[in-house]
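Here subunit A shows up in two complexes: once beside subunit B, once beside subunit C.
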Partner chain A sequence: MLDTAKTRWHPIAASYDLPFRHVFHAQLLGREFAVWRADDGYVNIWENRCLHRGVRLSIGINDGRELKCQYHGWRYSNRTAGCTYIPAHPADAPARTITNRTFAGVERYGLVWSAEEPHGRVPDVAGLREGEQLALRGIPLNAPADAVVSALTGYRFQPNGRLQGNTANVSLEGSDTFSVALRAYEEGAETLVVFFVQPVDSSRSVIRGVLDAGPQGAERLAILRHHNERLSKLREIAEREAQAAPQPAPLEPVIERVSPELAEMPEMTAHGRKATIRVTVARKWLAADGIAAFELRPVQGLLPTFQPGAHIDVHMPNGLVRQYSITNGPGESDSYVIGVKLERDSMGGSLCMHETVREGDLLAISEPRNNFPLRRDAVRTIFVAGGIGVTPLLAMAQALKNQNLDYEFHYFAQNQEQLAFPEKTALLGEALKPHLGFLPETTAAKLKEILSGYRPDMHVYLCGPGPMLEAARRIAADLGWPETAVHFEYFKNTNTIDDSSSFEVALARSCVTLQVTAGKTILETMREAGIDMPSSCEQGACGTCLATVIEGEPDHQDVYLNDAERKSGTKIMTCVSRARSARLVLDL
Partner chain B sequence: MITLYDYELSGNCYKLRLLMSMLGIEYNTVPVDFYPGREHKSDWFLRLNPLGQLPVIEDDGLVLRDAQAILVYLASKYDPSGTWYPRSDPALLGEISQWLAFADGITGTASAARLHDGLFYDLDVESARAGAHRLFRILDEHLWFGEQERRDWICSGQHPTVADIACFPYVMLSEEGGVSRQDYPAIRRWCDRVKRIKGFTVMSGIFPAGPARAA
Partner chain C sequence: MTPTKCQDQVVLDLWHPLAALAEVPAGFVQETVLLEERVSYATDGGGNAAVWLSRPDLVAGCPFEPGALTRALPAKVAYGYIWTSLGTPPTELFFIPEYAEPDRRRLNAATVGVNVSAPRAIENFLDMGHFPYVHTDILGAEPHTEVKEYDVELSVERDEIVATRCRFFQPKASTASTEGADVEYIYRVPHPYCSILYKSSPVDETRLDVIAVFLQPMDQEHIRAHMMLCVLDDENEDKVIKRFQQTIFGQDKPILENQFPKRLPLDPRAETPIRADKSAIAYRRWLSQKGVTYGVIPAAT
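Showing the complex of A and B:
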């Protein structure tokens, strides 16, 4: 009987099977994998199945950072396998639940090892030294693994350097359920071969042989051919015997549902913003004059999938919580890089990040949220960044660049020294257009120039200081840009909040009616009543605590909604906005 | 101008569309209703090709049948670089002819299985599939050792030849005949390389590859 233990490491590919920009089609114990190496070297081993329509991802496209399904173009990120973009829903950020199943992967002895639920590490193999071995050509065969192992114990071969002979003594050095080690001797030459038999299915296997040494040049090729020829012979016999024996039924792996952690609602808490992820400040550097950059690495496991435009909450040592955009390009999923500008009138947030937080420190952060999603179906995309507003736009531009989509990147700053992340902006090449030293009046003229020539299906993304965004939005409207094509994100809400009203809020789904008193926000009132609601900036800028209005007239005080959304009266930011009517009914 | 008597779902017609696209040749097509119309067995078509098979081309009064023969003709006449069918290199020409014949074998097996599954041809599909696997094992081994010798293509030399074009379509369409390529990783990598040749074009069932990594 085939040992189908899910805890045991097996080879599923050879390292040479994973060149860049290729997707390898692997299988272990009946379960198929799409295996691909990202440009940063990371080996991804995923369930071979798009979460959308179940199409094999092994026919997808590895663009070096993401894997794109061939069927409807869903994109999944390097490492996390989280979906980053759905072409049929270009204006929306994909839900975090759309995350494919990933499996452990380790490269060792020239092979790629995996298991469904591995125990421990890939075992050491006596006689093999990492880096000195020679991986043979994998031999797939239609025979069960146990029969192949037993056939391999009788394998005969010549040691390296003595390929021409035919008299080598071969000793069996060891064997177990899925491996056989043999050593050949002839006139002073000796070579160890270890065969690992990969159980592909109940009656299919791959022989993956590794020699303890592999010389370079012509002899290397001769050795590879020597074993290929003999193993092909062995395959012929093993397949003939397997065909004569009764055929076992194919294994049927269980396709698991999405993990509970992703599928279920988070636990209810009475108090607001959660910081479930612990990160280390792996690197802190000056990204520009007055801007500190931080590279945040997970203390354990992987960071969640982010999409361009997403931000995280950073919980600081002094108790403050601030939002920072993730600047990473697609697939750069081993850390998050953020930029923090030292504010002249800092309330303690940016000051703490600049002066207190050091390399090696631990920080608590929230999962990434994307309230500033990027469409990728525009005929042309224009980015307009002012100062530190560059950060979300930088992530967006890198995503479009990776897909060879048309964009231009306008970056306003006081001077050259204030242009942040030069190593990232340099990659944008010709698309990067710095605009230095502009005054408010000249900025307006420049914006007119940039925003002239609107055509249908163009989109503009704005991020920068409030007055600049106001000007840009006004100019865009004057030049014929529809509101749906103008996307913006404010750093902060500079409106003076009037919280003097009191009114009733009815939560339609929760069947609760609450009284919001002067001085309290809708969000606070709901939390006191035990109703959980995600929030982030809590000042009406980031868009996290958005709720749908069913009835009543909102009193908008945020800077997240655009004018059309405000006028529609169907949305409200519960952290700052209130009601003009005596009663508000929310879809919560 | 060249006229191609064409059926969209035919891998043999696609060979010619593929090479002509890579060579940048303009051509007209005359669609032939292969299925369900069986127009390739009609009187007018049998006058062009008494074998009643696609594809056929007409060029400057010349009427030619047989995908492999037409590939040789097109490359000889229209490839100024002389790399697709290098007439001055006898050894390489020999290799190319050998693999053109091999491509015919792929048509007789993998393509036959696809005709059975897709267009309901009455034939021994199990033996067609077994034959395709036998050929794919040989091709995979050849390409794997090619990679070890830094050879990217089916024949020797630095450039793809008509042999790659002749073998590619029915390898790529094999799954439509129930012939999985999972056991042929070197073939799968070679398919990526063919898809990255400048001028590559797709057909129904054959998807594009993404860009290669910048050197």
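Showing the complex of A and C:
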């Protein structure tokens, strides 16, 4: 009877099964896995099934950072298996919670180990020393694991260096339900082999043998051939016996259901302004003159999946909360890297990050949120960054570069020393176009040059100081860019907020009517009534607290919506905007 | 009658396609599999067909004598195919009015065996999002990957799903053009295992080509897909027209055979739909409402 304990570690592949950018199809106790190594070395072990339509991810494409499904091009991030892009809806950021099931993985003794719910660590094996072993070719066979283990106890072989002989003594050093250790001796030579039997299914197994030593060159080949021949003979016998025995029913792994909100047609859902993640400042360095960079690593577990354009809230030791864009390229999922510019008129946020926060400090951050999503269906994408506005665009450009899509990256700064993250921008190669020392007037002329030649299916992404964005948006409009092709993100809302009005807000889905008084925002009023609403910057710049207007006339005071969106009157930023009419009905 | 292996009365009562009439040598017994039953059929060369549950006295290859046949299954010849049913089928098959238009070419592009359930294959037929990835540079091309909003409705009086205003960027929109452009599609699902698509004709802008897929369920996880073409084309030889469709289907086949589970899960939480999958969502609901259980994993109730 097969021990189907889900808690026991089993080998599911050999390390050599994961060559550069390959996806390996593995199976354990009836469950299939897509196993792939990212370029950063991380071994991903995932349910072998795209969450969208169930297509095997083992036929997907490993681009070194992400795994792309063959059917609809959905992209899943290294480490987290979170979906980062759904090409059918290029304007939307996928709900962050679309995450494939991942399984624990450890590389040891030249094998990749996994289990459904492993307990403890991969056991130490007496006599095997990491780095010195030789993993044999995996021998798949149509026989149940227990029968294979019992066949292996009678395995006979020659020690390394005495392959020509035929008189070795073989002693059984130990065995259990899924492993057998044997030692062969002949005239002073001795070799230990440990066989791990991988239960693929109730009636199929793989023999994964590891020798305690593996010389190089011709001798190595000879050893591999020696065991291959003998194990192949063992296979023939074991399969013949298994065929004669009654066939056990195949195992049926349970596929987890997706969460209820994912089963419905997706509405972007985010969470409140909550600092749910603890990170350590793993590294702090000067990314440019006046710009500090921080590498934030999770205290435990993995960081959530991010998309290019996403930002996090950083909760600082002094109690302030600030938003910073994630600069990482796709698949760089072991940490988040942010850049913080020291503002001359800092209210204490950037000053705290620059002067108080040090390497080794703990910080609380929010999950990443993406209100500045990147379309990847443009024939050409133009990025225009001003100063620290480079951060979200850097993440975007790396994503396009990784997919070989066409883009150019214009980066305005005062001087060379102020160009941030040179090690990242250097990777953009020819696409990077620095523009140094421009004054407001000359900037406008340069922007005209950059934005001339609009063609359908081109998109521009702008991030930088307010006046530069205003100029760029105006110039783009003059040059025939439709509003839908011009995407922007402001650092902050410099509008003076007029919160003197009072009005009524009806929340259609919640069946609640609230009175918003002068001096209070819609967001605050809703929260007081116990209605949770996601928010982040709370000054009308980031787009997190967007709500849909069903009825009434909004009084827009944000810098997130574009003119067309404002005029349509169907969207409102609840943290700063208010009502011109006596009553607003929101789809909440 | 001995009980059938398929227990799904809805599916038993449907008409199912068996073969393209034009490809059946007249006067000899043919054999195939439908819903796990061996089924034999023969034609008389005059457009009539007979179908029966296979029996030892009339094996494949035998000359067929219509007089010898008792206890035949219902048989129908429609849209160039022989259809039968293991239950009590409706009088009429679904209607494709364009089939009667005299200036159209009518062909069976191919009959292909696929290791997948019929509903998975229907969903693939309804799906546009995969064009740039699976039919690269033919029906779609990156970076033009967007599935624009379209409309889906369940036509109550005809009991069929209709998706309209479907548009997708095609790199070479017609034989005449070198530029890409949006191409319009209309999809109909008038039968749980059959679907019809209408696509702007490259030769006549005012009319639509008709491409249909009629699936023969051999069992819950294996089908034979019959692809019908009813197109406006005076230029190309049959084999050219067929080859195009065979290429497209050949690209879908490995994807379909790598879907897991092979039967279509009707539990809304089994997979993750997006807006582009509106028609598939409607199709899954429709199958649930009809009570179809064959080739699907019914939602737990």
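One rule holds in what follows: the second predicted complex is superposed on the first by the 573 of 588 C-alpha atoms of A that agree within 3 Å, B and C clash if a C-alpha of one lies under 4 Å from a C-alpha of the other, contacts with A are read in each partner's own complex, and residues count from 1 in each chain.
Throughout what follows, contacts are C-beta pairs under 8 Å (C-beta built on N, C-alpha and C of every residue); 3 or more make two chains touch, one makes a residue touch a chain.
Everything quoted here is computed from the prediction, not taken from an experiment.
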item	value
Contacts of A:59 with subunit B and subunit C, given as first, second, both or neither	both
Partner chain in contact with A:20 - subunit B first, subunit C second, else both or neither	first
Which superposed partner A:137 touches (first subunit B, second subunit C, both, neither)	first
Which superposed partner A:70 touches (first subunit B, second subunit C, both, neither)	both
First (subunit B), second (subunit C), both or neither touched by A:574	neither
Partner chain in contact with A:228 - subunit B first, subunit C second, else both or neither	first
Which partner reaches more residues of subunit A (counting touched residues only), subunit B or subunit C	C
Which superposed partner A:378 touches (first subunit B, second subunit C, both, neither)	second
Residues of subunit A that lie at the interface with subunit B and also at the interface with subunit C	59, 70
Subunit B-touching residues of subunit A, taken from the complex the two chains share	13, 16-17, 19-22, 24-25, 27, 39, 59, 61-64, 68, 70, 137-138, 140, 220-221, 224-225, 228, 232, 404
Subunit C residues touching subunit A - in the complex, by the definition given at the top	123, 129-130, 132-134, 142-147, 254-255, 258-261, 265, 267-276, 278, 281
Footprint of subunit A on subunit B - complex, ascending	141, 144-145, 147-149, 181-183, 185, 188-189, 192, 207-213
Complex interface listing, subunit A residues touching subunit C	32, 48-49, 51-56, 59, 70-73, 86-91, 98, 255, 257-260, 262-266, 376-379, 405, 457
